[in-house]
Structures are given as C-alpha cells and as structure tokens.
Amino acid sequence: MPTILGQNQYGKAENRVVRITRDGDTHHIKDLNVSVALSGDMDDVHYSGSNANVLPTDTTKNTVYAFAKEYGIESAEQFGIHLARWFVNSQEPIHRARIRIEEYAWERIPTSDSNSKFIGSDEVKHSFVRKGQETRVTQVTYDGSRWEVVSGLKDLVVMNSTNSEFWGYVKDKYTTLQEAYDRILATQVSGRWRFNWTDDEQRMPNWERSYEATRRHMLEAFAETYSLSLQQTLYQMGSRIINHRSEIDEVRFSLPNKHHFLVDLEPFGLKNDNEVYFAADRPYGLIEATILRDGADARIPVDLTNL
Amino acid sequence: MPTILGQNQYGKAENRVVRITRDGDTHHIKDLNVSVALSGDMDDVHYSGSNANVLPTDTTKNTVYAFAKEYGIESAEQFGIHLARWFVNSQEPIHRARIRIEEYAWERIPTSDSNSKFIGSDEVKHSFVRKGQETRVTQVTYDGSRWEVVSGLKDLVVMNSTNSEFWGYVKDKYTTLQEAYDRILATQVSGRWRFNWTDDEQRMPNWERSYEATRRHMLEAFAETYSLSLQQTLYQMGSRIINHRSEIDEVRFSLPNKHHFLVDLEPFGLKNDNEVYFAADRPYGLIEATILRDGADARIPVDLTNL
Amino acid sequence: MPTILGQNQYGKAENRVVRITRDGDTHHIKDLNVSVALSGDMDDVHYSGSNANVLPTDTTKNTVYAFAKEYGIESAEQFGIHLARWFVNSQEPIHRARIRIEEYAWERIPTSDSNSKFIGSDEVKHSFVRKGQETRVTQVTYDGSRWEVVSGLKDLVVMNSTNSEFWGYVKDKYTTLQEAYDRILATQVSGRWRFNWTDDEQRMPNWERSYEATRRHMLEAFAETYSLSLQQTLYQMGSRIINHRSEIDEVRFSLPNKHHFLVDLEPFGLKNDNEVYFAADRPYGLIEATILRDGADARIPVDLTNL
Amino acid sequence: MPTILGQNQYGKAENRVVRITRDGDTHHIKDLNVSVALSGDMDDVHYSGSNANVLPTDTTKNTVYAFAKEYGIESAEQFGIHLARWFVNSQEPIHRARIRIEEYAWERIPTSDSNSKFIGSDEVKHSFVRKGQETRVTQVTYDGSRWEVVSGLKDLVVMNSTNSEFWGYVKDKYTTLQEAYDRILATQVSGRWRFNWTDDEQRMPNWERSYEATRRHMLEAFAETYSLSLQQTLYQMGSRIINHRSEIDEVRFSLPNKHHFLVDLEPFGLKNDNEVYFAADRPYGLIEATILRDGADARIPVDLTNL
C-alpha cells in the first residue's frame, strides 16, 4: 500500500444546545454551538470501514445534551472540559478530544414602566433579546494528561474615526497610494488567546471573569492607541492582554482593515473635511499576528478558523 | 409588438455611506446602506436602449455621498426624504423615487479607569463598537406630491423561556404534534411600520424618537404577553405599537418560530424539566400578519423584503 | 378595539425533502425546499390565541413528506399543486394556500473508464453531484377555484465580455461617469414567469419542458442582444420568453448590474485594452421590470422574494 | 518588554480580478479572487508603527492587476507563482509570500438554433454563464528558495443514494443510534492536495490538466466505493488521487456528513422504502483526514481554511 493515513479526526459538529436555569422566577440562559472532534486508534475505519473503534458521531451529540443536564453550563470552557475528559477517559481507542464552542450572548428585555400587569413582579424575568455583538468562542483540547484552552471572539466590529495615520511606507513601481495623516481605522476583530492552565493540578482560571476582562483590555487598547499602522494597534491589543492577564500566554489576531475611503466631493464643489466615507467590502487589508509572553511557545495556528 | 412593458425601476443599490460629525473632540457616526430606485418615462430605454431619459445609476450614487455632506444625516428617514425629493423634482422624466436604507448602530467604547494617558480627557470620544443587534430599516417613497414612509427593523432575536403554550389545534390524519403547556417561544423579528405622514404640510414625526419608542413597545409586548400562539403574540406586538404611537397606522411582522425542542434525555436516565433544548434551524414555522389602525389602508406588501 | 387584523398567513417554511425514485438500479433524485403558507378564518388565533381553526405548522410539514411518498415529485409545480389543493379542500377554515418551492438540480457522476469493478454495469447509477448553477423556484397559489403558478430561477450569473455600450444618458451636476463604448455586461439573474394556466379545466403545461425552454430562450436573448443598456437586454429576455412560450403571460426580472471596472494600468506603464477588470461587489446598479403579454394583468409583485 | 512578536503576515485579501483574452472573436475568461500575505522583517511596524519596511497592501493589490496584464492568467497556480516570486525577490524585507486564489469557472452559453442573426457566426463567443459548482482553490508559498503549492476545491456537493452502510460501532450509555444497512451518503467536499514540485529546477506540473484529473479521480472514488463508513470513502478518495497522480504527495479532506434522515411515515399508514428523506442542516458529522504518499511529510494544516 503506497499511501498511509495521516492526521484524522471525527465527531458531530454544530450541536446547538440551549440551557435554561431557573432561580425562582428568574431564568438564566446559555446558548452554545458545540463541535466535537475525536482522534485515536482509527486506522481500521479508514482502511477497511470497520467501525469497531468508532463511537458514533450521533453518540457524541447525545453526550452534549446529556452533559448540559448532568453538569449544567457554568461556562463554555468548563463545559468543554467536562466533554473532552469524558471522551478520552471513557473510550480506550480515543486518545484526544477537541471541543469547539461558540457562545451567543443574551440580555434581558427591559419591561414597561406602565401598561403592564407585571409591574413590581419578577414574572418577565424570562424574556431575552440576543445581544448580537461578538460571538464568543473557545476550543478545549485534552489528550489524557495535558489541557489546552484557547478562547476568543469573532465578528466584533470597531472603529476609530480619527487618531490613525499611514505614511512612510515603501514605494515601488506599483505604488500609487497617497499618504494619510488622519484616517478612519476600522476592523472586524477575530482574536484567540491561549491560557497557561494545562494541568488538573493547577488552579483553573475563572473563565467568565477572564473573558470579560480580556475583552475590555482589548477594546481599550484599540480605542487608546494613536495608530501609525494597524500592525501597531494589533500589537498594543495583544500586549495589553498579556500584561494584564497572567492566565494568558499567547494571543493571535486576524484584523481585516475595513477600508473607509474619503469620498472625493470636489467635482460637486464640496469640501470633504473627513466627513463622508465610502465603506468598502473587498479587497481589504488583512493583518495577522501572534503576541507571546516572553518564553511562551506559539501554539495557536496561523489561520484562525471558525468553530 | 405583442409584449408590453410593466412596472419598472432602476437605480444604484447598497451605497455604503458613513458620515462622521464632530462636536469638538466628540465624534458622532451615522452608518447607512442606501438603495435608490427611480421610475418614470422609461419606455425608450427598454424598447430601443436609448438612454436619453436615464440619469445614470452612478449619478444616483454620487448624489447619496454629496447629500451626506450637504444635508448631513439627521436620521435615515430624513436623509431618504432629501434624496427622494431631489430625484423627482430635479429630473422631469423621473416621476417616483423610492429610497431604501439600512442603518447599523454603533456605541462608544468605554475607556479604562487606569493605564491610560487619556484619563480625564475626551480624546477617546472617537472610538466605537458596532452594536450588532437589529438592523434598522426605512423606505421612503415620493411621487411629487405624496410621501410614504415605512420604517422597521430586522434580525432582532428574542426569546421567552416560559409563559408560552400551544394546544387545542386542529388534528387531521397527518397530525402527530403533542400539545405543549410550557414551551420556549423564540423568534427573529422582522417588522415594518407605516407612518401616516404623507404630506409636506403635515408636521413631520421625530423619526429617531419614534423608532426608539416603537422598538420598546414591541419588545415589551413580546415579553409581557402570556402566549397561546405566536399569532397572538404578534398581534399584541402590533396593536401595542398602534395604540401607543399615533404617527403609525399600519404594522406588519414576519416572525419565524425558531423552534427550541426539548431534548429527550430519558434514554440516559435523565429527566429534562424544561432545561435542555435543541435549537433547530429548518424547517421553522413562519407567522406573518398586518395590524391596522381601524380605518387605515393596508399598504405594506405581504413579503417583507430586505433593503 | 382601535386595531384590526389585516392580511395574515402561516405555515411551515423550508421543509427540505429529498425523494429518491428507483428505476431498476438507476436512481432518480428530486431535491426540494418547500414552504407552506395558509390563510383563512384566522381572526381568533390572533385576537385570543384560540387555535381551534389552526392546523399546526408541524402538520403541514408532515403533509409535505407524506405527499412525497403518496404522489411522488413529478415536478416542483405539480407537487405544489397537490399540496395547495389538499390544504384548501380538506380544511374548512383554510381559504387559500401558497406553496413556495426551491429546487436544486443534480447531475450524474461520470464513472471511470478503468480501475473500476463497476465497468459495464449500472451499479453507479446512484451517484450524483449537485449542479450548483441556478436555483429553480416556483410558487403555487390556490383559493379553491383559481390557480396561480409563478415559476422562475435565481442566482444564475451571466456575462457578455463585449457587445455592450452605455452612453447618451442624462448629465446633471452630480454626474461624473464617462461614456462606455465597449464594456462587460454581467448580472445575476433573478426571474419569475407567470403561467396563464388558472383552472383545472385547462390543459396543464408540461412544467419540466417549459422550464428548460424558458431558461434557454432567456439565456439566448442575453447572449444575442447587442446591448445599449441593461434595461434593453432585460426587455429582450422577457419578450423572447413571451413570444416563444404561449403558456406564459408575464415575466419579471431583477437584474443587478455586476460592475466590472476596467483597471487603470497607466501608472504602471501598461495599456489595458479591455483585458483586466475589477469585479466590484457594492454598490451595484439594480434594474427591475415586468414584461407582459399584451392584454395580460400584472400580478407578479415588484419585489422578487426568495422562497 | 515582557511580550514578543510571533508569526505575523499582512497583505491585501480578496482582490477580484477578471481577465479576458481574445482569440479573434472568441473570448476566454479567467475569474479569480486573489489574497496576498507577506512576512519578513516586520518587527518595527508592530512595535513602533514605523512603516519603513512595509510595502502597502494597496500596492500588493495593484501588483495583482498589473500582473494579470503583464503575464496573463494561464492558471491560478502559475499566476500565484509569478506574484509570490515578485514580492520575495523585489523587496528585501519580505522573506516569504503566500498567495491564495479562488477560481470561479464559467461555461459558454449555447446559442439558438433559430431566431438569431448570429447563426453561423462566432459573434456570441463572448457570452458566459458561471458554472456555479465547486470553487477551485490554490495556495502558493515561496520563501526565496522553496515552493509549496497546495491546490484543491470546496463546496462540491455529492451524494450516493445507496451502497452505504453504518453498523458495528461502539455503543456506550449515550448511544441510541440504530444501525443502517442502506443509507444515503452525502457530503460537501472540501479537499486540498499538495504538489511535490518545490524547486524551479524541477519540471512544473501542468496545473490545469492536473486539476481536471484529480477532480475526476476523486469523484470516481466517491461514486465507486461501497461504503461502510464515511472515513472509508474519504480514504479511497485520497488514495485514488495519490495512486494516479504522481505530482501529488498529500491530500486532506474535510467531509461533513450531510445527513439525510429517512422520514417515519408509519403514523400516516405509509411505508417509506428508502424513498423520502429529510435533508438536515445541523448538527452534522464531520470527518477529516490526511492521506500521504508513503514517506512524504504532512504539511497541510488540520483546519482547511477558506481562502
């Protein structure tokens, strides 16, 4: 046989699970999209089609729903840890489990000051509107001894309407761009950060608190950096996180430069003093980089993939 | 010639315009997607290709950007009114203009309490994050004398985790559904509401205030209705708007019933007491209806289209 | 009650049904996405939540699958007719049914000339690849006596790389466009055509043959028209259909002008002799029109909606 | 400085270039989406914002369009090779260039047998319809000495309506799946294959011929494999390619198991003899694996990313 099997994995992807928790009349919601990928002794199923080592993907789906009941969903990370541990520990042929989770945030619907029979009661504490901003993501990997948790977000769109310049760059025979001394800087943030928690003996991070703080530092760095290049802003966002969050050793961003071009209004006798912009779709600059705590390994892949 | 020309229109669609307004160091942003559709004496261009009556779609694009400078963007509705009036009044062959606008909301990025040289200053009042919840929409139509303004929103996802039942329905030979006495009710709201402002002589509504109030009434009605059917909830949402907003005569909703199915955990020896749900994609129930102020005409089309 | 109920409808949308038919070892496939919308005596369910007249959307879904077995799927149109007739005739409160269907085409996978144990047999006549070109659509409406069938397609992308001009248009103060004497004309066709079959007493069209012929006439008209405007091309496409297909009385197209801009290569010392183009996304011209057989009513709505 | 910069790259993504070539009246079209990613001495731009080593992303865009004129587009791979070589060789700070390209296929519009003034002429050899099946992709990487070319495709949907089974799998406490002895097997193929051409001294593959043959072998293996698991089918698809195409050393597939569930029609007194299926969206099984020529390195990343 001149061909051999390389890296392989399988599982059920995109299990949409919603978990409602009741605290009296006050309901809480966790809304996840969970993808399971398992690997191990899987040569036979590829070579001969023997499923003797294969836990069906349908079973991995059932496990997601059963665990939502058995363990609840404290956080996406904690939920992923329960699942990854189970698959590796309960199935001898499974040597490695990777759980990817998307989380959609919800907020409560404010109730009316009048016109409602519910006033003064807590009966509408079961009504939610999807926040709709970024999607929070995490990936938990376990091989029976070592944990790797990489969390992050995608589709968070941010803009600075000033304090951004771009000049002093290389000019070759194909360069036509004019230098800019006051431009809009906008991007749709895709970021991932890797935790240095790897071992059940270590104290586990508070995943929810870590997310909120990391997101805040990242946004503040974006807002507060006077930018000479999107690369500089990206590096500030990443190093701000590393410097403030001791539980995180590595950050990677993929930042499309969402170009906002100043529209030329001179043909119409109008002056455009950084007021009117065309928001372009394609092409876009794409700036990607990893920022590491000194001494840490780089483990987040070059391409940030959707979960 | 056995064929004749029926309704026709043309224009430039999806002009993405971002308008920054400076109030000292504090910046304000309006972010729109503007589509122009014009109609009038257009037989020749269809029959022979003569463009003698055709203002190019490229010109309608230029007009959008020029007007963003000349008039600013107070509201999507007001901006649409400026544009529609211009096309009909300035071009003899144009008898009717329809301007459709999507608006994306932004909020300010909160700044850090420490670690920032910007503290106590207003220098970061130029940093924004896209809100990412619903998309606000409007459609302004003008024929030289009469205005029609239909505003609304799309992609606002809401959920009640209880206070919803479904029973007492018709059962035929293809019915297998079990009655439900406590279910999740979730939908992705697409709504449009028509204003009774039609004439320059009338006092124009405050478009921004109207939107905020209408959206609030709609959400409150969703949250506060104990629901026996999604149709009942829809009607409450619409009539709440009509009853509270005298400027609105007609509302139409298209509400997909985003099914959340209770997962059967009994095979695993677990009881699912309205805790764990599978959020399904397709198929979905689709409930659509118009609610009218008594005596008003129904003018919003059956199918709510994206702009 | 100052508010009243207007047009309303409900049903299960996007029922994905795949029907395999076996002709010996040769399999045939029909792949549909079926949406049901019913209307009738539905005041109570909106006003009070009483479901006494409501056939559940879940039942409409079951009916789609049961009918795929009972009647098979000869064509999307014929399948829609079976469904619409059933809902109106079997349920007293239902006065009108509208069935919308998307159809995805598949073609057979050619088999190898060698290296296969299947050579000379018909055993691989069960292997398909999705064609992936246009999506075929139809909408069947029935009110108990009159039928309306509107079929069509969407997402068919076509291009003429020459034989298109655009000049002689109106120039106002916002016009900057240069006239073009040889440009690319490209569009993503969305078209709908209405059949004049309305009555069970009339001879029903051959839906499959009609679709193939109509699509061919439309494509030929696009290819063979020397175009002075996209409106002219659109009219040729529609009138070609009306002139050749006696079963069709009305056609409507929505044609985005997918701009291909000639790239200015002069800064690099290069001449661009209609060779290198930038394919733009947004904005785009949007040209929409109805073409009617003389004397026919216009019944297709202005906005062509997805099913 | 406690943080350091890791892997980083930048460039202009999604440059949409259409190249028309004229062979008398017969036109040929190449339709690409080209993304450039450059890396090298880029510490300063991240640390201080100095752009002294930065060729603007706008320039990389210009280069794409200029090269489409200067070199033409013989194949996506060859075009990527021209671009990658240029960036690395012409810019001292650039040490590595990665060019990703999507290609959209077009076919000619057949012309009418009658009703056309163009009959017998070649004047309509400029009319095209987008094929709309798979998207062809390639990625060319160059570091000044070594080439790596990984080509492939995405979004090719295939189905076998029989000759697929699934049984004999592991059953744990969460397993409820019934064994299947005749099921539909359908997937949306995403595949990548790596060429063993790495050096300008080697003879370059014929990229166009290689793609057609590889795609054909892959489809044949899918159609001709009697499948006991999707993993087995995947392995057959990959090894068929390696065995027939000496220029390819590594193949990776990501195959979602697009579940087609047999609908239970028994409640309606109907027997479903593998005739009526529900095509599900989410969740789906996801099967991923690499197949290698014996002795070859595995270089294609685990996650197949869109370009």
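We call the chains A, B, C and D, going by the order they appear; numbering starts again at 1 in every chain.
We take it that a contact is a pair of C-beta atoms (placed from the backbone, for glycine too) under 8 Å apart; a residue touches a chain by one contact, two chains touch by 3 or more.
Here the structure is a predicted model, which is why all the values come from computation and not from measurement.
Remark: among chain pairs A-C and C-D, C-D carries the greater number of C-beta contacts. Matching A-D against the pairs in B-C, B-D or A-B identifies B-C as its interface repeat (over half of contact pairs the same by residue number). Centre to centre, using the average C-alpha position, chain B and chain C are separated by 25 Å. Separating the CA-averaged centres of chain C and chain D is a span of 28 Å.
Centre-to-centre, using mean CA coordinates, chain A is 37 Å away from chain C. Annotation for chain B: residues 16, 62, 66, 174, 176, 267-268, 281-282 touch two or more other chains. Put simply, chain B touches chain A in their complex at residues 16-21, 27, 29, 31, 62, 65-66, 68-70, 106, 109-112, 115-118, 123-124, 126-134, 155-163, 184, 216-217, 219-220, 222-224, 240, 244, 260, 263, 265, 267-268, 270, 272, 274-281. Residues 173-174, 176, 267-268, 281-282 of chain A touch chain C in their complex. Residue ranges of chain C in contact with chain B, taken from their complex: 1-16, 35, 37, 42, 45-59, 61-63, 66, 90-91, 93, 166-172, 174-177, 227-229, 231-232, 234-235, 238-239, 242-243, 250, 252, 256-257, 282-294, 298, 301-303, 305.
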